[in-house]
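Here it is: the structure, laid out below.
We just call them A, B, C, D, E and F in the order they show up, numbering each chain from 1.
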Amino acid sequence: MTLILIILLPLLGACLPLATEKFGRTLCAFSAALGPAISLALLLWHLPTVLAGGSFIYDHSWLPLLGLDLSLRLDGLGMMFGLMITGIGLLVILYTRYYLSPRDSLGKLYALLQIFMMAMLGIVISNNILLLIVFWELTSLASFLLISYWSVQSDARKGARMALTITGAGGLALLGGALLLGKIVGSFNLTEILASGELIKNHELYPVALILILIGAFTKSAQFPFHFWLPHAMHAPTPVSAYLHSATMVKAGVFLLARMYPALAGTDLWFYIVSSVGLFTLVFGAYTALFKHDLKGLLAFSTISHLGLITLLFGLNSQLAAIAALFHIINHATFKASLFMTAGIIDHETGTRDMRRLNGMWQFMPLTTTLAMVAASAMAGVPLLNGFLSKEMFFSETLNLNTSGYLTWLVPLLATFAGIFAVAYSYRFVYEVFFGGKPVDLPKYPPHEPPHYMIAPMAILVVLCVVIGMFPNLTIAPFLHAAGLAVLGSDMPDYKIAIWHGFNLPLLMSCIALAGGLLLYYQRKGLFAFYERQYRRDEKVMFEARIQRSEQLAQQLTEKFENGSLQSYLVWFFGMVIVLGASQLLFIDKLTGSVAAAPVDAVSVVMAIVMMVGAVGTVLIHHNRFAALLLLSVVGLVVSLIFIRFSAPDLALTQISVEVVTVVLMMLALYFLPQVTPNESGPLKVSRDIVIAGSIGTGIGLLCWAILTRPYETIADYYLANAVSGGGGTNVVNVILVDFRGFDTLGEITVLTVAAMGIYAMLRKLRLPPPPNPDGTEHVWAKEPSPPVLMVLARLLLPLALMVSTYIFLRGHNLPGGGFIAGLITSVALILQYVASGNDWVQERINWRYRNVAAIGVLIAAATGAGSWLFGYPFLTTAFTYVTWPIVGKFELATALIFDIGVYVTVVGSTLVILSYLGRLSHFNRHAHIKSLSSGDN
Amino acid sequence: MSHLVIAPILLPLITGLILLLMPERHRMRTHLLSMFSVFALMVISVLLIIKAGRGEFVVYALGNWAPPFGIVLVLDRLSAIMMLLSSTLAFFSLLYTTDEKAPQVSPHFHSLAHFLLTGVNGAFLTGDLFNLFVFFEILLLSSYALLMQAGSARRAKAGLHYVILNVTGSAIFLIAIATLYGLTGTLNMADLAVKVAAADADTAPFIGIAALLLFIVFGLKAAIFPLYFWLPAAYSSAHGPVAALFAIMTKVGVYAIIRVYTLIFGNDAGELSNILLPWLWPLAFITLILGAIGALGARELRVQISWLVIVSVGTLLTGVALNSETALSATIFYLLHSTWICAALFLLTDLIIRQRGDAEDRITSAPEMRQSLLLGGLFFVAAISVIGMPPLSGFVGKALILQAATGPQTPWIWAGILLGGLAVLTALSRSGSTIFWRMENHVVTAPAADIWSVIAILGLILFSFGLMIFGNQVIAYTNALAEQVLHPQPYIQAVLGHIPVKGN
Amino acid sequence: MEALISIVIAVLTGCGIYLALRGRTFPVILGLTLLSYAVNLFIFVMGRLQSGVPAVISSRDQYTDPIPQALVLTAIVIGFAMTAFMLVLALRARSELGNDHIDGKNTREETPR
Amino acid sequence: MGWRKLLPHPALSVFMWGLWLLLINDISAGHVVLGAFLGWFIPWITYPFWPESTPVRKPLVVMRFLSRVVVDILVANYVLMLRIIGPTRNLHPAFLTLPLDVQNDFTITILASTICLAPGTVSANLSNDRKSLLIHVLNVSDVEMAITDIKRRYEAPLKEIFECS
Amino acid sequence: MTDNSIVEIITAIFLLIGGLFALLGSIGLARLPDFYMRLHGPAKATTLGVGGVLIGSMIFFSTHSEGFSLHELLITLFLFITAPISAHMVAKAALHIHLPYVKRTRGKPW
Amino acid sequence: MLVTAIPIAMFMVSLAIVLNLWRLVIGPSLPDRIIALDTMYINTIALLIIYGVYQGSALYFEAALLIAVMGFAGTVALSKYILRGDIIE
């Protein structure tokens, strides 16, 4: 449980600074330090056991089905990192208190730092690789926010995005690798994974898993070729750099190498990849660092180089090298953090970090100068400082490669080479900032020593460098031993950290490095010129350009498909239909089935021809819209004849009614549209469309033929058998509509109502003048609204039509008819009134809110359905009974009839909403038009 | 007998109708009724989940007609969880519109939203293929109407494309249904499963045509390549709350694909077993990739989020294509996550648009937002989740799907999902950092976000959190769900063995 | 007869799809209407072709299959609702886009107001 | 006036009653009752659309008029049909302007309809002042004769039925 | 000759006459030279033709099922009410757009 | 008798419909087309009635009635469109 506390305390601490910020900076800093301090204390509390080789484990089931558990383990490696994270973290908190200008929110920075700290602690004491990844990604996110702390600066934003993109990508790769490991081992528990090294390394997926995990580690640790985000992360406030980019974030990558060492290391693949990446990064980073004029830029590349060194050590597949790597992790953290703090102090005091302007600072800040010199010396590998010790181990390991070939001499050579550069840039750091003449127009002048409390954290770290360097066995050895145990297990080699190993090759290399470095620095002129000529590319610009290029490409590619052309979308759609349909149809051996076709009669052929002429005619004539509408009506008419011909009178009734209402609707709409379709399609497009239309038409025709010539078993008999006894009606189609499948009908009238509402909503406030003729003239319309002859007759027809409607409605259950058709007849009769006498006239006579009518209709139908609940039956269960009344005689009462009334009411309501609102459209516009005319007169 | 199963259809239907009858000026009353109804719906879905969680099928025979003759509603784990998803989504989307000053909500917004819910829930519940068509139409028409609530050139164009494509899709849907009926003589999905499995070599290829045509229809709704082209324009032109509601619609397509291609054309379908699979996974893969590319290239936040919807569809259908219990379970988990988060992002974008003046949600520098910290924070969290970074649910969903990948296409799927995630990360980090950080020096005078709007967004994000925290229970449920869905025999027996209430 | 009806459906489908691929709203709606006729006929004939035997229970013992008929009825109504909606949408689009092109492209014969 | 509201068009009601029985093809008691109800109900509910009453007088004249129209339709149609399929060059079409004596919209409507039904004539337009009717005649030799013929055969009886006061 | 066959013959005659008139009306529509002349065919002949067919049907069903079948009268009535109005409306439309008429037509439309 | 008369009558009406279609396709004017369509509706009624006699079934009567009603409504609306453009004003 305390393990969780170790992780969570910083998180809890994240809230405190935000709250205490307004009570002063010191309190804010204290509140920020509280969490990490307790975490540190808890770690120290566990320290004795861990140093003795023990470890603490906490297991809590979280998502066992995913394999993600809240499983924690505090062992030597975790302890080492944990102390580093909390310890340096506390120093950074203290440092930040003085670093940050009052303009910036201290609380926010603390909060983000603490979130980061929590994530980092989580990484190092996770005992579940998925949990590790959770924390891993959290560090990426937190660092994103930290780097972009000054988000108004474009560079900060870009740097943050770059870091996030690169480390995020690495995180994804790591996730992949981890899942593969889980697949191989059967568990995500790190203890189990680490114990299954042999299994993993012999698995066929090992190379993939290894590479994915290494990508994760390398991106985080800024190894080549993923290194470039780190220099640009320097736009973060310097405490952030001191923390993230020396001690923690970038160390997560090498931590992962250490953590996974038992499981993944030891193979040739590991050796070649890890060591060559490390080697290259080491050399490249050291080389580049020398030429950076920005203090933090220099430190960033130096960090890259040192991380390369650590990586190289892990890559060497030797236990001693691993120990050296662990050692260097600590050493690098101490001197690099203090150097970043130095950079921060310089920046803070002078307002610049440009080494070309900074000179002779020792006069202004001697204490800082002293401390920086020590730290830089540690970085350079000067004896009696901690950097020297691990570097010596490194040099000696490069000499003990257990491979043959050119690597045996190349590695030590390049290591020395990198050592030379390290000395050179360390020297440059010290010399060009603190000595070497007078400062050149500093933004702040004169600089002076920063507050003591700002120097204190740096001083503590420098003291550590010295103490470790001088008394390694008293200070660091136990920690290193414990960490080494965790990494290497029982294979712990015999090793001795000593300042003096006698005159040997590593010492020689160190000496060469020191001497060569100084020499190099004083001969730097030509080298700088060479560098300026050779190496002028800016990764940020390139990265941004690459991202922008990929965004542009993405956009172009997207617009290829997403071109805003409905025709193109439809072509894709129909293309899918053709491809998928053909994939089946083309491989059919027997198209025609076993059922014989019925004979053809002359009238049917004639009517079929009429219909096809109508359809083809609609296509040919479609530029003349009104005429096309008329031809379309022919098709609709023949469709209803086909329904009649093949025994479906209900369908014919519905079809013919819907047809007319549709045509009326189309005319209402056509009034506001151009009367003529321009000829826009080129011959290519036309032939393409003909091919598509022809293929699908043929396909559907063939499918239809194939089905019609095949037998099928149908459930129809059941309906025929139960329509009268169970549904109370002899018209089976109607009984299906109101009873067997009444739910469909309820849905269907809902659709109608929704359509009406949608149309109403769309027409509200729509202003739309009818378009002019193609030649630009206005249409000339008749002056008189309606011929009186029509008005008179329409009124006469209304009762007649209502009678017919009643008739159709009442007989529907037993004979063709029903609520839907009756509703349409009523609507058409009313529409006729609108057509004949105009909107206002009808509105004076029926001022229903048609929308409500439609809604009430659906409610009636639904309520009828729900009525069956009262009797313990499911929704829409119908009941009917035969009643005998005097005079009237026996007749049927059926709930289905009430349902059908609902249908009727809905149809009337929604049809009238649609038609009357569409009709009113011109009304609004005409009034608007008149108004504009009259205002124009005045 | 319990009528609870039909409540998710009837409750929104009747609410929608009553809302239509209420006078337009009673805005708050309408809103309250609407909210109350959705809340009740949420409670009902929870009850149904509990019911379905026991592993039994609840078969509700409408009109008391025995299947396959009447229409049945079938509640199983899959339909139950989908309804929970739709009701929560609706609840927060409607909650978002509480703001009195919000300009966009037209008088019929609430009733149309309820009709949409009717359609969605009906589609989830029905056990009848034609009835599925009817509910599809209800939800489509409601969505058309919701999309076209107010005018704008962009919306009109998007709406036109959306409607015409879907009307064409409906025609294909009908042809597929008719073909199935013409060859098997039934519409009940369980019965179809039996009949299709028994189809002989003579008729099977024609049934196969219907099967593939159905995929085109569902694929159009789900927005799979090459049928998704309508989506970015339509979703991005809709108002925030409408777009948030729309987040469920692609999932209806995904649901239909899962249902039909496991139940009817699944492992036991004889000649037609898994007829879809050879097509599904490459298309899903392309969808995923093109969606990620689209997100990368987007110039507006709304458009970008629309592409994220497509990415999620690609991911989901990849999961479906794997045709295994673990994969399906992961898919459902991811489905819950992606729907909630995409909805939250749509709502959030709406708030952003309101505070950015003329720049709206274009990914360019603009005046500072009034509440940039609040909105930025919400965006950051939602973005993390949608990218699939820990510690939010997207990570779990993605990890589950990756874990479930097996077979020869595994490298593709891994590459697709991981690289897609990277593209989305790049895209969102660009849009987020530009919108929230690249600010000009003055602030647009816009009203502060309504508290309910913020709560709605937070709520959706919290659901995503919940998925992570209660992940194990959720995964246990989705595992059981996947087991149930991939072994449809009990479903078929439950439906075809259903006995109507006596006495009719 | 089966061949004849298949040809009719094929022609209707083809014409409908061709028109649906045009560039202006009105012809597209005409095309979709044609397509819906084709589809309705297709559903209808799935109950096979029966002459003179409506699904009304009487003394006859032969009937046509009522289910496709019921489906067509629903399809007709839904098709009507969709057509109406599309028409109004076309008006809305002309109002917003200034012309009746399905992609809102400005063309010669009409300039946006 | 109470009964006028309750039973606005008694003749129409009776007509509708008959119509119902005609439609339903069944004179069972139930349908007689239902028909009576509908015959009352439908005119009552559509009353706002047709508020003016059109009292029909002189049933004898009505009968005479109707039979004349029917005979005209039957006999003259035959002649006309022969002309349609015969050589079209022999047809002598004309537009006639018929000055109207009848004033009531309803009467004009009936007249226009009758002219349309009558062979060889179509009433094509009604002037805005409702004083004259434009008629297209398919084949006419004497224009004046035709006009007086129409006035005598159709307009006069209609005026007598509906408008003589 | 049985009653039945007499009825059949009468029915047949009415159907044939009706069909013939319908055809004649449509021939008129198809071949007459100008719109106003073409209008005459459908306005009357076709209506009459349908009337004939309806009478045939009335006779047939009155004798082939129990009771009279008079409901065809309703269609006839309806057609006779509406056909003239249709013709009038279309003619009015034609006049409005100034459709040309053959030269020999006497009188002028207004 | 009836057996031979019905096909002949039906064929005559079908021919009439073909002639209507001919007029409808060639136009030349819109009123021509409207009247052609109207006539086609009426001929369809005839066709239906004859078919009803042929089948001996009264079930086609309603369809015929409805075609009459709808045909009229359609023709009126179409004519009004030419006259006024705006059919509901």
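In this text, a residue touches a chain if its C-beta (ideal position, glycine included) is under 8 Å from a C-beta of that chain, and two chains touch if they have at least 3 such contacts.
Bear in mind that the values here come from a model prediction, so they are computed numbers and not experimental data.
S.K.: Which chains lie in contact with each of chain E and chain F?
M.R.: Chains in contact with chain E as well as chain F: A.
S.K.: According to the touch definition, list the chains common to the neighbour sets of chain A and chain F.
M.R.: C, E
S.K.: Could you name the chain whose Cα mean is nearest to the mean of all protein Cα atoms here?
M.R.: Going by the distance between chain centres and the overall C-alpha centre, it is B.
S.K.: If you tally the C-beta contacts for A-D and for A-C, which one comes out higher?
M.R.: A-C
S.K.: Going by the average position of its CA atoms, which chain sits the greatest distance from chain A?
M.R.: Looking at centroid distances, D is the chain farthest away.
S.K.: Averaging over Cα atoms per chain, report the distance between chain C and chain F in Å.
M.R.: Centre separation, chain C to chain F: 21 Å.
S.K.: With chain centres defined as C-alpha means, what is the inter-centre distance between chain B and chain C in Å?
M.R.: 28
S.K.: Can you compute the centre-to-centre distance for chain A and chain E, using the mean CA position of each chain? Integer Å is fine.
M.R.: Between these chains, centre-to-centre, one finds 70 Å.
S.K.: Compute the distance, rounded to whole Å, between the mean C-alpha positions of chain C and chain E.
M.R.: Centres of chain C and chain E (C-alpha means) sit 31 Å apart.
S.K.: For chain C, jot down the residues that touch at least 2 other chains.
M.R.: 20, 25, 38, 40, 42, 45-46, 51-52, 54, 56, 67, 74, 78, 81-82, 85, 89-90, 92, 95, 102-103
S.K.: Among the residues of chain F, pick out those that touch two or more other chains and give their numbers.
M.R.: Within chain F, residues 10-11, 15, 17, 30, 34, 36, 58-59, 65, 69, 76, 80, 83 contact more than one other chain.
S.K.: Where in chain E do residues touch two or more other chains at once?
M.R.: In chain E, the residues touching two or more other chains are 25, 27, 39, 41, 47, 69, 71, 74, 78, 81-83, 85, 87-89, 91-92, 94, 96.
S.K.: Check the chains against each other and report every pair that touches.
M.R.: In this structure, the chains touch in these pairs: A-B, A-C, A-D, A-E, A-F, B-C, C-F, D-E, E-F.
S.K.: Quick one: which bits of chain C touch chain B in the complex? Just the residue numbers, please.
M.R.: Listed in rising order, the residues are 20, 25, 28, 32, 35-36, 38-40, 42-43, 45-46, 67-68, 71, 74-75, 78, 81-82, 85-86, 89-90, 92-93, 95-97, 102-104.
S.K.: Chain A touches which residues of chain C in the complex?
M.R.: That would be residues 1-27, 29-30, 33-34, 37-38, 40-42, 44-58, 63-67, 69-70, 72-74, 76-85, 87-92, 94-95, 100, 102-103, 107-110, 113 of chain C.
S.K.: Provide the residue numbers of chain D that touch chain A in the complex, in ascending order.
M.R.: 12, 16, 19-20, 23-24, 28-30, 33-34, 38, 42-43, 45-46, 48-50, 105-106, 108-109, 112-113, 123, 126, 128, 130
S.K.: Under the definition above, what is the set of chain F residues touching chain A in their complex?
M.R.: Per the stated touch rule, the residues are 7, 10-11, 14-15, 17-18, 21, 24-25, 27, 30, 33-34, 36-37, 40-41, 44, 47-48, 51, 59-60, 62-63, 65-67, 69-71, 73-74, 76-78, 80-81, 83-89.
S.K.: What residues of chain A sit close enough to touch chain C in their complex?
M.R.: Residue positions touching the partner: 564-567, 570-571, 574, 597-600, 604-605, 608, 611-612, 615-616, 618-619, 622, 625, 628-629, 632, 635-636, 639, 642-643, 645-651, 654-655, 658, 661-662, 665-666, 668-670, 672-674, 677-678, 680-681, 689-690, 692-694, 696-698, 700-702, 704-705, 707-709, 712, 714-716, 719-720, 723-724, 730-733, 736-737, 740-741, 744-745, 747-749, 751-752, 754-755, 758-759, 762-763, 766-769, 771, 774, 814-816, 820, 910, 914, 918, 921.
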